[in-house]
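In what comes next, chain A is part of two complexes: it sits with chain B in the first one and with chain C in the second one.
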Partner chain A sequence: MSATTSTRRHSVSAFLFEHARLRLALLLTAPLFWLGLVYIVALAALLVTAFWTVDSFTGEVRIEWTLDNIVTVLTASVYQSVTLRTVGIALLVTVIDILLALPIAFFMAKVAGPRLQRALVIAVLTPLWASYLVKAYSWRTVLSPEGLFAWLVEPIGGSSPGYGIPATVITLSYLWLPYVILPIYAGLERVPDSLLDASSDLGAKPWRTVRSVVLPLLYPAVIAGSIFSFSLTLGDYIAVSIVGGANQMLGNLVYTNVGTANNLPLAAAAALIPIAIIMVYLAAVRRTGALDNL
Partner chain B sequence: MSAPAISLRGLRKEFGSVTAVDGVDLDIAQGEFFSMLGPSGSGKTTVLRLIAGFEQPTAGTIELFGEDVTSTAPFDRDVNTVFQDYALFPHLSVLENVAYGLRVRGMGKRERAERAREALEGVRLGGYGDRRPSALSGGQRQRVALARATVLRPKVLLLDEPLGALDLKLREQMQVELKQLQRSLGITFIFVTHDQEEALTLSDRVAVFNDGRIEQLGTPAEIYERPQSRFVATFVGTSNVLEGAVAAQLLGVPGTFALRPERITLADAPTGRDRAASGTIAEVVYLGTGRRIIVDLDAGLQLTVLEHTLGRDAASDAALRGTRVVAEWSDRDLVALDAAVPVTP
Partner chain C sequence: MRRLNFRRSGALVGLAIASVAALTACGTAGGGSGGGASGAPTDELGDYEDAVSILAWPGYVEDGSNDPDVDWVTPFEEETGCQVTAKYYGTSDEALSLMKSGGYDVVAASGDLTLRLVAGDLVQPVNTDLIPNYENVYDFLKDKSWNSVDGQPYGVPHGYGANLLMYNTDVVQPAPTSWDVVFDRAAEFSGKVTAYDSPIYIADAAVYLMAHKPELGIENPYALDETQLAAAVDLLKAQRQHIGEYWGDYLKEIQAFESGTSVVGTTWQVIQNSITTGNTEVVLPEEGATGWSDTWMIASDAEAPNCAYAWLNYIASPEANAAATQYFGEAPSSQEACEFRDDCEAYHAGDAEYAEQIWYWSTPIAECLDGRTDVQCTDYSQWTAAWQEIKG
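On to the complex of A and B.
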């Protein structure tokens, strides 16, 4: 008697409790549908379009299977040089960001008191609230021939790098720095202070402790941060058009192919390059075993 | 006479507005098993960290074998530490953990592996060198931490509540092993604990810490038998404290006295010991090896009595509540906590 009432009272919960698969289905259907549509279908559409062609008279996409776009992207010298330049910029930005993020994150996680720590986390996050364009254009101002940068380095005989690849590297390093600091900071937070004490206690000088204890433990976090800065740089085309002078990156080629040239299939083929590169990068990272500890 | 292993003079440490260590003077002899005992926040761990060099004192000096190391970095001090959380490096194998100190000193690969293996065998973990620390139990990690700290053959080993995370049986076993290890190495052990029983059973000498100061310093027997303050009397073991009007009424002397529960006997009628006080049994707690009896004295004091031998029938514990008894003790069992009053009332 009492069993029936209690069953009735919790009928929905009890029913779901007994049907684990249904519970899972209700939980995951909507997000899986979204994931499938946004990630898989969109990516597949891109992949497929790369093998189509454009009617040279009407300018419309024709479903006619061809490898021409892929061949063009792989062999045309403009694609080759832009790809090399983009990968070079992405690597440089990643290295600069890691070198800047490590000491900042270490200070935040291990040196600063709780109040300063909170203030620094907010300070690192705040630039993410500002518009990308505002930040890129402010760097354009800073790096202009009469800008802040020139004013700062002129007394020591320097001058502004002007608009070009160095300016692009500086701007992109600035833009992605928070994405590199945060995972490294989170990784450092998980390293107990006693490990640093223990290393020092066993006779290791500070630099030795950094090399033998801190960096090995931080490796997964550094890799996570580098994936952000590397892939974000690979896909960027706005910063370079604002501070990069006449230089182009892969994103610009995609953009012009979609817009001015009205050649969506070729744009799709060009967009496959960064995807291929990031996959190679992830495979290389996997081989080092850095992802095993994530 | 050789210099003490550790010599602390006027040691102070402030964290912001909090004074963690408030003027500690201490000499620890070579080869001594020395315990720093106190409740959490009493400053004992901070003193240990100051000796290791992880913290810089606000004032005062630290000498190691007569050499001033107050501002020497931890990696240049000839002491090693066993941490409360063991602090084993998770990315290194057990053998690499033990060999770490030898590695940073530049010892060759083969030699350091050899010595690390010996150290692991010394703590009965010979076959565990290839494992990760995460694959070991708490007691095994504890022994790896010991091996890692002792493989460097330091002159002083600092132990920060090393047994705190272990269960009772393992803790008792590790206490025996620690004592044996200290004897075989012949080096100074400085052992921080909040467990008074651990401090009493292991140590040659004990310093009882309270509020950043050493409240009392002495052998375990001195600390237990002759506590010099109310804090020591009640923190180290249990004490009945007789003071004020109660002391005047029961002992005929004003002042503060400590009386250990196991020194008191209970009887139906006075048997002629030095002092007797009548009261009513309020509670009986069965302890296995004996029982603890709480007696409400007519004089207005609650007295804790420990009976080791079962003088009365154990089955009748509950029936004892409310029984009238006479509590008796000898004058020599009273410890004056008030220096102004002579020890014997």
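On to the complex of A and C.
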């Protein structure tokens, strides 16, 4: 009995050994199926609705090919102004995050001792354990007229920025900072200390070392971090609805088109805007060669 | 060799896509049978299920967890054995997308939602013979355009009331009597004005224009032709300069008024009841107001139809209806309910004439609701586009 089983098992493995293609197919079908279903088919199924239309009475999506939604999204002034605002916020958040992340990551990777380094990595990761909503609502409290921020800056004659675009930029910069610090930190870890020593042995001042040695080596890591903060901001709509006052971003337009307007095709068309922007951004980054080193 | 590899992986991808296509086809075929709304209502009821899931406005399904003294859910659960789970929504639009996602047996819907639910086959016709308490409901609430189609009721009326003007008594003095504090005089409170975040708020501007710009000839704030809608949009765009934030979540408005980030704007009585700082007042301005008349409806794919019918009957019973409508701050649906309340007069309960002066939320449609036939009115999708443009 056991002999037959083992023979059969043996014959199966022998069969598979001889048929490399089948082996590969068995191995990859499940993950490829998953990848196809979740990422490609689902996304494509959503985006193709951009070229369909909605029955205004029943609210059902009708398969009737039209470019109306794309034209609306490209020409309506509300989409243009909201796109500009969203890209502006995304760029600002990215710049702020990189400026904050560079010194923090440099300290973590090159200055701090091993124990402090570990503690700092944990400290950077800790905010990721808290819910997005908790963090956004706590900024709503901090930035309220009688909140912590106002209390801190009142002695020096300042006041809370209130709810609006500045509050949105502050909140999003806070939310995405760990995603920018970590790749830059990882990139700095890979820069050998000997290069920094060599640079200073050759007479370079610290700033010169940073500019001519560290930053060029770090460029791909900075780009990786910027992709995170830029794309996450482009798609965000919750922070702005919590601390953004009456302002809306592209995500809000997508959200209201699905929820309020019950117009999935128009929402899909609006969702193409951030996808197009990210494509342009990635293409621009690729031209600089930064992606080759990732 | 490279070519071979490529072909091999091509075959794999093909296999994966084919399986996806097969699965999707199954999904579509299976999903089509949910409906049933267009059929006849149920003739008889069976045994109660174990649980019922209710989607409602905040304050409609209180089980004592917010305030131990406010509880009309527990008696229902004890009586029927149907365990109630409730979810609250902030705007009718949110409720529509929640209903589309499914999973709710009962929904409390306002007039700007009911017809959209019926048109989308999301709710079923209701047999009012199975709801003994339906008989007591005010006649002027029955067979209305927002709760019945061709004489077939789609639900049981719950209560009605007006969207009020809320103001911070420390900042807004003297006490306002007109909506002009949020429109023509909004600059005085710039940055601290709030408004309801839904296209239906355009009707509030239309109510104001009815009183202040009679030359526009608006007869019904939900029946606006293109010129009238443009006038309302202009008014709201001017208001937008002074809006601190829009509210769609009633908790957000409570917090905004308590912290002082909003000092004047539209509200509900239940929000005033929930504010603890004591420096806010509400008023029904002289121009009149928009309002709501709500209906309890049963989802077309309800998993617990018997519990759902039981809830519709229970919430229309004088005692439960009195408790629920008093808590929310609206008029009840029957005269009998007034015997359990001492404030019915304040809400003009049963006063059919007063009830007609509130402009109840209705879904704007192309066929003008005010009876005009020489012009096409703007429909809800145009209102939504206009609302996005107003917010900018």
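Simple rule for what comes next: the second predicted complex is superposed on the first by the 271 of 294 C-alpha atoms of A that agree within 3 Å, B and C clash if a C-alpha of one lies under 4 Å from a C-alpha of the other, contacts with A are read in each partner's own complex, and residues count from 1 in each chain.
Just so we're on the same page, a contact is a pair of C-beta atoms (placed from the backbone, for glycine too) under 8 Å apart; a residue touches a chain by one contact, two chains touch by 3 or more.
Since the structure is predicted, the reported quantities are computational estimates derived from the model, not experimental observations.
**Q** If chain A is used to align the two complexes, do chain B and chain C fit next to each other or clash?
**A** Here chain B and chain C can both sit on chain A without a clash.
**Q** Which of the two partners, first being chain B and second being chain C, lies in contact with A:P216: first, second, both, or neither?
**A** The answer is first: A:P216 touches chain B but not chain C.
**Q** How many degrees apart are chain B and chain C as seen from chain A, counting from C-alpha centres and rounding to the nearest 10?
**A** 160
**Q** In the superposed arrangement, does A:L195 touch chain B (first), chain C (second), both or neither?
**A** First partner only, chain B.
**Q** With the two complexes superposed on chain A, say which partner A:W151 touches: chain B (first), chain C (second), both, or neither.
**A** Neither partner.
**Q** Examine A:K205 and indicate which partner it touches, taking first as chain B and second as chain C; both and neither are also allowed.
**A** After superposition on chain A, A:K205 lies in contact with chain B alone.
**Q** In this superposition, which partner touches a larger number of chain A residues, chain B or chain C?
**A** C
**Q** Determine, under the contact definition given at the top, whether A:Y39 touches first (chain B), second (chain C), both, or neither.
**A** In the superposition, A:Y39 contacts neither chain B nor chain C.
**Q** One more residue to check, A:Q248. First (chain B), second (chain C), both or neither?
**A** In the superposition, A:Q248 contacts chain C only.
**Q** Just to be sure I read the superposition right, which of the two partners does A:T260 touch: chain B = first, chain C = second, or both, or neither?
**A** A:T260 contacts chain C only, not chain B.
**Q** Rounded to a whole Å, what is the shortest Cα gap between chain B and chain C in the overlaid structures?
**A** Shortest inter-chain C-alpha distance (chain B to chain C): 27 Å.
**Q** Which residues would you name on chain A as touching chain B in one complex and chain C in the other?
**A** none
**Q** Can you name the residues of chain B that touch chain A in the complex?
**A** Interface residues on chain B, with respect to chain A: 52-54, 73-75, 79-81, 83-85, 87-91, 100-101, 103-105, 148-149, 152.
**Q** Per the contact definition, I'd like the list of chain A residues that touch chain B in the complex.
**A** Answer in residue numbers: 192, 194-195, 197-205, 208, 212-213, 216-217.
**Q** What does chain A use to touch chain C in their complex?
**A** For this pair, the touching residues of chain A are 21, 24-25, 28-29, 32-33, 35-37, 41, 45, 54, 56-60, 76-78, 81-82, 144-146, 162-163, 244-246, 248, 253, 256-263.
**Q** Sort out for me which residues of chain C touch chain A in the complex.
**A** 8-9, 11-13, 15-17, 19-20, 23-24, 91, 93-94, 96-97, 116, 119-121, 191, 198-199, 240, 243-246, 259-261, 366, 379, 381, 384-385, 387-389, 391-392
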